[in-house]
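Take a look at these structures.
What follows is subunit A paired twice: with subunit B in the first complex and subunit C in the second.
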Partner chain A sequence: MRRSLAALPCLAPCLGLIGGVVLFPAGYMVYTSFRRISEFGVDTGPAGLGNFVAVFGRAELPRVLANTAVWVAGVVGLTLVLSLALGQFLHQRFPGRRAVRLALVVPWAASVVMTSTVFVYGLDPFYGIITHALVDVGLADPGTGPLKTPLSAFLWAMGVGVFVSVPFTTYVVLAGLATIPRDILEAATMDGAGRLAAYRSVVFPMLRPALAVAAIINVINVFNSLPILRTMTGALPGYDADTTTSLTFKLIQADRQVDTASALSVVNFLVIAAVIAGYLRVARPMRED
Partner chain B sequence: MPRRRGLSAAGAVIAAVFLAPYLVMLVGALKTRAEILRVPPTYLPADPSPGNFVTMWGTPETPLPQNLLSSVVISVCATALVLAAALPAAYYTARFRFRLRLPFLLLVLVTQLLQPTVLAAGLFREFAVLGLLDTWAAMILVNAAFNLSFAVWILHSFFSAVPRELEEAAWLDGCGRLGALRRIMLPLARPGIVTTVIFTFIACWNEFAASLVVLSSADKVPLTVALTRFVGQYDAAWQYVFAVSLVGILPVVVLFALIERHLVSGLTAGGVK
Partner chain C sequence: MRLRRLLRASAAVLVLVAAACGGGSGGGTGDITLLVPSYSDHTKPYWTDLISRFERANPGSHVRLEVQSWDDINDVVRTRVQGGQAPDILNIDAFAAFAKDDLLYRADEVASPATLTDLQDGFRANAGIDGTQYAFPLIASTRTLFYNRDLFARAGIAAPPKTWADLLADGKKISALGGGVYGYGMPLGREEAQAETSIWTFGAGGDWVRDGKITVDTPENLAGVRQLQTMVRENATQPDPGATNRTPLLNVFIQGKLGMIEGLVVTPGQIRAKNPALRWGTAPIPTRDGRPVTLGVADHLMAFRNDGSQQATVRKFVDFVYDRDNYVRFVRTEGFIPTTKSGAGAMTGDPRLADFLATLPNAKFYPSTNTAWSATQGAIQSLIGQVAQGKEPAAVLAEIQRRADDASR
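And now, the complex of A and B:
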């Protein structure tokens, strides 16, 4: 214990930041979820479970929950599949590989709001350059705006979600591939296993820890993602293209219901914690076999 | 070798896909307002001119010079704060064993699971009570706290990788603990420190969700939030949206490219250990 006390001066700044800006607001949010807060931010007394009843009583909630499940599973699943393929591709040596890897860095480094705003412009029914290109190659009719209806807007937003998540995930796959010794791979192919069988029985199991990290970080990021939906579907009336995260922000900003938003955030947090726990249990990514 | 040429061609297509949105930005930033709203649109500007990069600093939609200043102040201060808090903690946990060492490192890791988005309501309430709503200080604290875990873990792994004997040899040669830290540890862990600084800076620079609820004055919001002010319900100044985006993206892409080699080993080290 004495040695832990001696560590305190070095750990104190970290503990202060975590305590003050992460744990305290987390606890305060849980507290707020059981209080009544006026739209001007005044605490007007205990609410019991009222805020949670209000959250679960919202007519749009089933749709929003379904959207959230599709959003997280779809974006993360597609991102992992594409990144596995792209990582495999970029693991090979060829002239220009470094340039391709650097191109991949751009969507990773760029602000997600800025990237998704390009799509808002590009998909405008009249002056949008992507819509125009789709019309030119015969894939769309003139005057259609994919962001004007909730379903297609949501699907496009998912596409952008995949687009901004693939670079990081591919880099994690590349890092995983770099740890597989070449002779193991050669031995597997020498044993008469085909390329696909060798990949399935040798490469994929060895990528498992790296993929687990990528999957968990992606689930957290995608679940919490606000900028894409806010820019691409935020202007649509109603909640048909909202996830629980974007709904929370609408509650805070448009409706000024911080108490209901707090209750929803507590639910959000429990959901994400359950998803990650479930993933660790089912996929058991760290097992060694 | 035809196979390798085929790979290069496929690589070029992939690179083009990932660069496409940013090329659309560049092309859009070089168009005039009339041209960017033309129906049907033109693929390339008829008369490309960089005028938007000059006029965007004085438009009525948002005070852009102040927004750039906000982004710089918040990101620089938050990065400095992260480094000041993470360096001692990472060094101490890498070199000393004590009972609360693992609980501490796990606590840091758990904060990675929480993001400002899920805590937005709580942060909003906390800063309202503290009177810090709509201040740079609040955003500096938020950015520092939520980027701490990556910094502590990556610095921890870099410090752990420096052989203890090197440090001990320096003590024998008459360096004190601090001297050894300054002359041996910090130089050897420099790639880790540079990676941490750049990665943290970029994360702060791109932060959006917390700024949206904590900051409200037009002259305090950073570039990411200011950008959305150019896109109204009925009208949008796309030429400025893209010019501003390029100014916001270009510096961080260059920084990111510098640490590209170190980044993944750091990310996976932080996650797996």
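And now, the complex of A and C:
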């Protein structure tokens, strides 16, 4: 106990930071969700559950919730599968491996807004280079861009989501692969395990903790991701290509409802907490067996 | 990993420090902040020069300038006001919601009688609520139809359209030319859908307000929106108007790939800068029966009360902005229509303004003095594009009306 107290002065800056940057804003958000806030943030009194009623009364909510589920499951799932394959490939020795590994960092290092904007220009109906290619090979009609209809825009945005999530995940997988001792694999081979069998019963189980970390971080990141959708589907009318996060933003920007947006953020927070709790319970990724 | 954590922690500290140091409406008396949107590349140099002359003429006064893009300025203002860091003087389109929250000085508290009486009466009436003036009209703009003379010639169109029937026929003729060329550029994307929508509803004789109440779901507005949908259905427009923003589409017109588009008083300058070879013309906006109407927009200057200590400096600065020579230079720099009597007098005969000044008497404005308008505008921006995607116009207007009613409560 005394030792912990002695550590307090050293921890104080960190605790202060966590309190100031994480806890206070989160608490303030919960507080705001029960207040009536004017368009410019002037508090005009308690709202009770009014803001939550407003959130659940919105006609587009079912579609947006479904979109959110597809968005998170789709982007994270595809990212994990691709990263497992890519990690396996980059774990092999081959000439130029260092260069390939470095190149993988690029989508991660670049700003997400910039990456999305590059795609927005590429997919423009009039001068987009990707649109041109799609038209030339007969996959799209001239004059219309893939970002102009909700479904196709949403799928493209998911693609960009995967594109920017794969590097980090691959590096986590690579780190996990590096911790697997060679002799265990050799022992498996000696016991007659083929490549697939060795992967399924030796490599994959040992990757579980690394994958768990990657999955949780990705779920949080992807769930909260605004820039991709804001940049790529922001010009679309209606809410057919929105997740709860981009809907929160539209509530503030278009409908000027800071209070309703706070309520939706609180709902968002509860949903993500539930998703992660569920994941930890069902997949039990941290178990050691 | 530890390095990353360290980096992240130091980044967070930097943000905190920056937040603590930034903002604030200045230190001592005589220090004021000015927040303006960027109309063009000339905006910042203009204000910088004006401020340095103001500071020389008024020793002890300091004006801190902040320039923001139109995309961001609403968010910046909202964040600043929420944080108790409102600028002392703000240049933006709508002021009613600030006045409703009792954040603004009355106009007569921060300007001399001479400045107030020099404002044109029509604009001045649009700058107050219930007879009390809260804002200063700074610049105005109207829209006209811009058309591509080469495409008109190729499609065999002799004169620009006057009615919706002409517009529909001409749009179809130009779209039929093919080769990536389209008739009428219709930007119903989020950026400024309320402007394009207003052009159609005004063209049908509609209006957004009646007896102080926001009226979206009316027979006239419905007629306008139906016609807009007809234009899309019959391929007189570019594909997917519902998801097309104004700025990129205006560039497509400037590149010569659109027959027609509604442009602003600043559009000719953009054409000269980006594609001087374009052969274009401009004509009044076509309406249902050819009766002239246009969308007028006025931007305003307004002064925030804050702690009330800067009133004297703010007043001096507002008068300085509206000083005849300073004001005319500003309007000339940005290429807009003046809102003062002396400014209009100084600029009559300016050929660049002639087409637009002619439309001013027929201009209808957004009901920006109605406190529910900004939410209504947001709803139009979010929803109206669905009409172009085939959704029933009556249903869309009803939904926008519902949100306007919510905001009026």
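Just so it is clear, the second predicted complex is superposed on the first by the 283 of 289 C-alpha atoms of A that agree within 3 Å, B and C clash if a C-alpha of one lies under 4 Å from a C-alpha of the other, contacts with A are read in each partner's own complex, and residues count from 1 in each chain.
The rule is short, and it goes like this: a contact is a pair of C-beta atoms (placed from the backbone, for glycine too) under 8 Å apart; a residue touches a chain by one contact, two chains touch by 3 or more.
Note that the coordinates shown come from a computational prediction; the quantities given were computed from them, not determined experimentally.
Overlaying the two complexes on subunit A, which is it for subunit B and subunit C: clash or fit?
Clash - subunit B and subunit C, as placed by superposing on subunit A, overlap.
A:F204 in the overlay: touching subunit B, subunit C, both, or neither? Say first, second, both or neither.
Neither partner.
For A:Q253, select first, second, both or neither according to whether it touches subunit B, subunit C, the two together, or no partner.
Touch status of A:Q253: both partners.
Does subunit B (first) or subunit C (second) touch A:G20, or do both, or does neither?
Both subunit B and subunit C are touched by A:G20.
Quick one: is A:M114 in contact with subunit B, with subunit C, with both, or with neither? Answer first, second, both or neither.
first
Contacts for A:F56 in the overlay, against subunit B (first) and subunit C (second): which applies, first, second, both or neither?
Once the two structures are laid over each other on A, A:F56 reaches no partner at all.
Subunit B or subunit C: which reaches more residues on subunit A?
Between subunit B and subunit C, the winner on subunit A residue contacts is B.
With the two complexes superposed on chain A, say which partner A:A235 touches: subunit B (first), subunit C (second), both, or neither.
Both partners, subunit B and subunit C.
Is A:M29 touching anything from subunit B or subunit C once the two structures are fitted on A? First, second, both or neither.
Only subunit B is touched by A:M29; subunit C is not.
Give one of first, second, both or neither to describe whether A:S38 is in contact with subunit B, with subunit C, with both, or with none.
The second partner, subunit C, only.
Examine A:T149 and indicate which partner it touches, taking first as subunit B and second as subunit C; both and neither are also allowed.
Once the two structures are laid over each other on A, A:T149 reaches subunit C alone.
Both subunit B and subunit C touch subunit A; at which residues?
Comparing the two interfaces on subunit A, one with subunit B and one with subunit C, the shared residues are 14, 17, 20-21, 41, 126, 142, 235, 252-253, 258.
Which of the residues in subunit C end up touching subunit A in this complex?
Answer in residue numbers: 9, 12-13, 16, 74-75, 77-78, 81-83, 97-98, 100-101, 103, 180, 182, 188-191, 193, 238-240, 242-245, 248, 252, 255, 257, 374-375, 378-379, 381-386, 388-389, 391, 399, 403, 407.
Where on subunit B does subunit A make contact in their complex?
Residues 4, 7-8, 10-12, 14-16, 18-19, 21-22, 24-25, 27-28, 36-41, 43, 81, 84-86, 88-89, 91-93, 96-101, 104, 107-108, 111-115, 117-126, 128, 141-142, 144-146, 148, 152, 202, 205-206, 208-209, 212-213, 223-225, 227-228, 231, 233, 236, 238, 241-242, 245, 248-249, 252-253, 255-257, 260, 263-265, 267-268, 271-272.
Show me the residue ranges of subunit A that touch subunit C in the complex, using the header's touch definition.
14, 17, 20-21, 38-42, 59, 124-126, 142-145, 147-149, 153, 234-239, 250, 252-258
Could you pull out which subunit A residues touch subunit B in their complex?
Counting only subunit A, the residues touching subunit B are 1, 3-4, 6-7, 9-11, 13-18, 20-22, 24-30, 32, 37, 41, 86, 89-90, 92-97, 99-115, 117-122, 126-130, 132-133, 142, 163, 167-168, 171-172, 174-176, 209-210, 213, 216-217, 220-221, 224-227, 230-231, 235, 245, 248-249, 252-253, 258, 261-262, 265, 268-269, 272-273, 276.
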